[in-house]
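What follows is a set of structures to go through.
In the two complexes that follow, subunit A is the common piece, with subunit B as its partner first and subunit C second.
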Partner chain A sequence: MSGRTYVDNAPVPSDVPHVDEVGVTSAPLKSAAFFIGKFCQAYNDDFMQCKADARDPAACLKEGRRVTRCATELINKLRENCQQEWDKHWDCLEQRNQEFYRCRKAESALNACVLEKLGIKKEIPNSKIQVHTIAKPVFKDDTPKWDRP
Partner chain B sequence: MPPAGGFETLRYKRNLPTRGPSAYAILAGVTASVLYGCYVVAKARIEQKELEREKAWSRIYLTPLLMAEADRDTYRRQQIANAREAAIMSKVPGWSVRSVQLLRRPTC
Partner chain C sequence: MPVPWEALIPFGLLTVMFGAAGTLYGGAQRLQNQGKLPRYGIDRWDEMMMERDRRLTGHFRGQSTEPKAPQEFATNSVWRQSSLDTR
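Up next, the complex of A and B:
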């Protein structure tokens, strides 16, 4: 390869319908993960069932496109309705090593906004105490004041 | 002979003033402190577990999305590689591009 990075820019074969990738980095995705999981549950389950039946990447392209379209739809909705709260939360996650417990303040604002505007509630499955709703948690943002962004 | 009226009483008893809280008070204080510590540790351990659960589910919920994107890319690259191989090997008689099953179900 003579030291150069090999980039394959050839387009997708034309028999595959085009779908825009979500184009969102890890922090916004993590911030929206529970909403994506709730909002797109049917498509996600369908896709994962397909993957469980066949691991071949070509087998589940249709289901995969549906998953991506659904996630894109949710992200657009988030942008329309809760842009400010979402930005604040994922920015906090980005600064705090992407740990939820250090961003509860921004998170509760986002959760309230999403619940009000989109009607999606963050819920952690199989959990009785729902760690994001604890009033006085042991683990909280331990960043010293002078070090906060 | 002893003096008249007897000897003076000797002061032989210990004469240490009791200072500070009593032993039982200290014991009670230490016990209370340890119990409170145990309570906080237990609470923290439960919470830690729940935080791990939250992290795990945030990843589980994103898995289909990321997997779908990766699959599309893998598929595209495989198709391109197959086309390239076909073009390179077009002059070799009897050559056919075998599509490789990239991911197999683990057998163990």
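Up next, the complex of A and C:
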């Protein structure tokens, strides 16, 4: 990509309450995604509803802070309880183009740990097929086209 | 009757040269990606996430599980200017 780059060093205005940004990068975040989705569903839905109502970024800062705080809480819980399984899973994802279907073994270990210690079960929302539970998936998705959600 | 082993030299050369080229290329790719295979099939979402990873860790393949982002993260996002298309 060519063209000049521009960095804005101005700090956030002081009337906005400060919330630490999540420092988790793409692979661990993708690994924890379904758990974050379940744990923080209420706040995430609020934020998405706010965004749907108003495209202005300033309008949804409060909901955004709640999303950040909730995600940070779950990240801390994961680090406390399931750090090793999580590390193994996202390391596997990083080695394999961040594709879930190539890391089922590490994923089932992580899912078991999170279910036991944090009580969160991984479920694919809005899907009849829970592909991560199928032991030997012949096709990635073999529902007929007219039946897919 | 002596075996014409000289005829096999070109095959050997080809094998060695293809092998060396492939190995060097693979090695170069791994060096650029911190020892991992390069990402492929990347869409705009993945590009955005890799740019975020670069801002968080300094390298676009760097990973971390820190719950709190480093200080620089708040102000190091980059806007890129593109030239005006005056057609």
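Annotations for the structure displayed:
We take it that the second predicted complex is superposed on the first by the 133 of 149 C-alpha atoms of A that agree within 3 Å, B and C clash if a C-alpha of one lies under 4 Å from a C-alpha of the other, contacts with A are read in each partner's own complex, and residues count from 1 in each chain.
Here, a residue touches a chain if its C-beta (ideal position, glycine included) is under 8 Å from a C-beta of that chain, and two chains touch if they have at least 3 such contacts.
Here the structure is a predicted model, which is why all the values come from computation and not from measurement.
More residues of subunit A lie in touch with B than with the remaining chain of the pair subunit B and subunit C. In the superposition on chain A, contact is made by A:Val22 with both subunit B and subunit C. Of the two partner chains, subunit C is the only one that A:Ile75 touches; subunit B does not reach it. When the shared chain is aligned, subunit B comes close enough to touch A:Arg65, but subunit C does not. Of the two partner chains, neither subunit B nor subunit C is touched by A:Leu118.
In the superposed model, A:Glu94 makes contact with subunit C only, not with subunit B. Once the two complexes are overlaid on the shared chain, A:Arg4 sits against subunit C while remaining clear of subunit B. Look at A:Met48: by the touch rule set out above, it reaches subunit B but stays clear of subunit C. Once chain A of one complex is fitted onto chain A of the other, the partner contacts of A:Ala109 are absent, as it touches neither subunit B nor subunit C.
Touching of subunit A by both subunit B and subunit C, each in its own complex, is seen for residues 8, 10-12, 21-22, 29. Residues 36-37, 39-41, 46, 49-50, 52-53, 56-57, 61-70, 73-83 of subunit C are the ones touching subunit A in the complex.
If you check the complex, the residues on subunit A that touch subunit B are 8, 10-13, 16, 19, 21-22, 29-30, 33-34, 36-37, 40, 43-44, 47-48, 51, 55-58, 60-61, 63-65, 67-68, 71, 100-101, 124-127, 129-132, 134, 137-139. Residue ranges on subunit B touching subunit A, taken from their complex, read 40, 43-44, 46-48, 50-51, 53-55, 57-65, 67-72, 74-80, 101-105. Subunit A meets subunit C in the complex at residues 1-12, 20-29, 72, 75-76, 79, 83, 86-87, 90, 94-95, 97-98.
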